[in-house]
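Beneath this line is the structure, given in structure tokens, with notes to follow.
Order as written gives the chain letters A, B, C and D; numbering starts at 1 within each chain.
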């Protein structure tokens, strides 16, 4: 049987090389063509020695592919994606350019006017745990941001069940690879090592995604989210701690409440192969290099507060792995194809 | 002029060796005697090569000292401190054994019945930014925990001014040295590196300190605190992010509100040499090895939420440095004596 | 087709859990049974959450397996391996207990008298790049140490070709996971982070393996090796830098010499799928989580010195991955089966 | 008494900010003026928050200072230093521009023709352990490179005593701050973390310094040095492991040899306050933030090889601390003034 041919635009980003790694182990899809920018014409394995087995050359343009991943930055991705879409290709866009349903959010959050607002309605937000049926039939999937993936999966069951008040705190801790491969002082080794800092205190671009998706889960309530991301000295991983007041009468006031809560989360994620509801406080290390999201909901009885912790690998479930999960659905393959490898520990 | 002679009980803990380092650079106090447990009889410089210049032997018991630091673990510290106190010594206790005013809290949080409840009233909680006058005349100072130092300093101005609702979230990120020098899987390098995790989800021992101190600042309000500590892969530093709803009408709803807030914090810490209210989001790296606490208050306008970030070195302002700050006050010295060195960056 | 059933003795070591991870992705072999020590009776996924997909219970004894990996420490492994061997099982021993051909080396290097010296002759040293034919027909394979794997692969082509003088310096830099999961001060996070140290200056146990294997490659020369291992603050990876004087007249004295050298190494490793001779100085990161050994030979013209650098992941090519490579050969499978995944970067 | 006024040219490099930190704790010298490049006109504390206590503005040009440190890059430093020197200032040049005595080495190693070869004779190589008398009377001191400091101090006693053959291997492991504050892929966090690599295999610029200084110690022998530097994932510290064959008959062939060797090193460094000859294998962590060089000489009896390990903090003894040590000597102060603080551990 012929393998499906996939291409990656801008393979030289961290999401791009991670896509290449994961596609290499995919049994039904072949990475057939990749593009870069400054590195056009070079062998992929010369720029990224760990990809030498792939034997690909970085091209100026994709050719002969059935499905495309765009790993371009926001604003640059949209024109490429539109053009591919119009030519009939299936596209998974890793950038933010088709994630928000409201075109009016792009100028304020991303600093550009969206070129094809009508396509925003057609694009599907690629969080399979929420939108699997739509993804299955989509031609354009907007792959979620890394923070939203962890935050939405932490909160979705509670929001949908109406367990919590709308006022939510989301405190996220991310490894440095989330800042990308572009050289910046904040990701300079000697600055980032032995340091932790909060950033984007005026509002991070991933916030509107989180609000958009949680709002859809519960028509009666618009969440008001305070989201503070932090950079911590590790390469991969995001741990999100979410806090919200439990609505009166929604959960038993003792350990029985925790059991009810755990059951509710277990039920919500019953057939979701990449979400595991844990009994213990989870570690990002247990997702290193694989596509799992670990979710641990609990209750702080002093404050009648829901506390939910989620862990992902920001480059896998937070980017390239989720993109392949979406691709699998778009191609009619089992969701887990090529994504079964376990986390690399320790 | 004769220097004051100080001693350290259990110098072999991380707080103990940090005290030794800081006392070495103190112009008015001499580290005169140290005790250990398994290492009695050895040269301090053989066990800790960076302290070789001190030329001290680890003794079974202190002798000839004017002031004692106890760096014993909780429960073990109390009997030693009581005995020293009864013999007339000045004591700074790094452990938790005299921090809580309510003796009834010890069995539930620390698992032992306090041997001298009457001494709890006499002991002064050693956070100089709140209790300087009492420390100055104290004979027994209970040095605060590392998390409480960062959390209380982040919240004290807002709580005292009645700015916020009582329902507070405190999310702290600590380096691994906070877990001590005792060997444990959670501080085993290969487990802790490239990992972040939340712990003590059922309630961390440092919580009652935080509540006790914030409650004293505002008689009209008992704070209800959800406190979640996290371990992140670095040796030193704690960054705390605190969240609370702003009480209606307390701050202007625009950028003017942030200015009022900043001014309120600046005023509160005007004469406090070790707290710096920052305009930018602070980094733990900017406190590495020194006694500063950096505090950055801001407002999330979407949620009408106060967000305050504080940074300390957990072994300095969070332990040994604060102990020396307390010692300075107890000895009638300027608060900053011997603590003027800048952070080691990068 | 029925899969071969494999078992792991002492799965709870780092080599053990890495074997479990790699066997999970093996298409022809099933991990069927595992044993532990203190954790007998527990679910594997409770002790190691990243292995939860495996759904195995830690047993007191293996049962029903065709091939066994022993991940016990040295001295403890031998009796188990002997017993399994006598019952006809195929065994890959990760410990050092069958690596040395001379029984007389065990008392001095490992502190015990070898119980079955006659088995040492039968055991095959499991470095497939040197001993593939023997491994293919072996029933007992002694999996090489992590340092020897990197050192021997760096030097074998030069030694075999008689390029260098016998006096060799091997300077290795290892991540902390090489020190194992047992709690020790040297692998305590706050001690190992931001630190580098040399150790085993009186002679490291891996030295006799290196000498034994290099000696076999060149009958005319017994190498005299100064081997100094170092611990550096990362979890995985060993980089070895080897130095030796080039024998007079063996290589051209200019850049042509480097080309000859590169060609010699390329030829030596032509059909070895897991050794890649690189043009550039290699990074351990490019082997993270996979079974490659990158080897870069070069010449320092000032000193007429051969300098060879090799990189491996100490837990994969340096332990579990190589064990599976050996298993593949013992089972008549292609050497690379189940080991094709790329390194996880960054 | 009036303090001496010091200035720093290009304070915004890592060596520059470290000078500022160390001068802040100096009792006899005041940091009076600093210059930068892109940051001229800004408050030093805005660019480097940990230096806020210094209350200095970054100027375009120094003014009113008695002694100048140049922290400019090589080639850019020379013109500034020449101009200052001609105007009569005392200068410590952190760059390489006055380290080499042979002007002819500059084009090949540094890519420029030296503008004032005559000044090279006048400049003193600022390694106080070798050149204290000349430094004391110098007006221009060339501060040694970080690698040469560790390598020369490791080898000087053995070379001077004629203990070893001229063929020497120097294998150094450096933290990432040695690569400076300029953004580069090799010091990008996600590339450098969890990685080790050798670099400059064609010859590192610090090699001629090492050869120049060792050659002066023993007229009968020109050392031939193979020097390979490595980058390891930590911020500060260099550990150097040096290897050389012991000349026949120079040291006893048993443990007595090690004692003779240790005594020889102890004697060489008897009155050198910043070099400590250790009995145990040293750790870079034991020099973190202070001016010590730890040196541990030993013998590998198998190969009759001298093995010497040295540890420094690359930004202190390897740069700014040594510069202040030189300044002290130039000003007639005790060598240790302002440099007595202990290493920050852990």
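Here is the rule we go by: a contact is a pair of C-beta atoms (placed from the backbone, for glycine too) under 8 Å apart; a residue touches a chain by one contact, two chains touch by 3 or more.
Keep in mind the model is a prediction, meaning the values are calculated, not measured.
Asks: Between B-D and B-C, flag the pair that has more C-beta pairs in contact.
Replies: More contacting C-beta pairs are found at B-D.
Asks: Can you name the chain that lies farthest from chain D, using the mean of each chain's Cα atoms as its centre?
Replies: Centroid comparison gives A as the farthest chain from chain D.
Asks: Using mean CA coordinates as chain centres, what's the gap between chain B and chain D in Å?
Replies: The mean C-alpha positions of chain B and chain D differ by 36 Å.
Asks: Could you work out how far the Cα centre of chain B sits from that of chain C, in whole Å?
Replies: It comes to 46 Å between the two C-alpha centres.
Asks: Would you pick out the residues of chain B that each touch at least 2 other chains?
Replies: 14, 175, 177, 181, 190, 193-194, 233-236, 282-283, 285, 288, 346, in rising order.
Asks: So in the complex, which bits of chain C are touching chain D?
Replies: So the residues of chain C touching chain D come out as 167, 169, 171, 173, 175, 190-191, 193-199, 201, 203, 224-226, 228, 230, 232-237, 239, 241, 243, 245, 281-285, 288, 298, 300, 302-303, 305, 307, 309, 346.
Asks: Can you list the chain C residues touching chain A in their complex?
Replies: 14, 17, 21, 24-25, 48-53, 177, 181, 194, 235-236, 276, 278, 280, 282-283, 285-290, 294, 340-346
Asks: Under the touch definition given earlier, write down the residues of chain C that touch chain B in their complex.
Replies: Counting only chain C, the residues touching chain B are 14, 175-177, 181, 183-185, 187-190, 192-194, 233-235.
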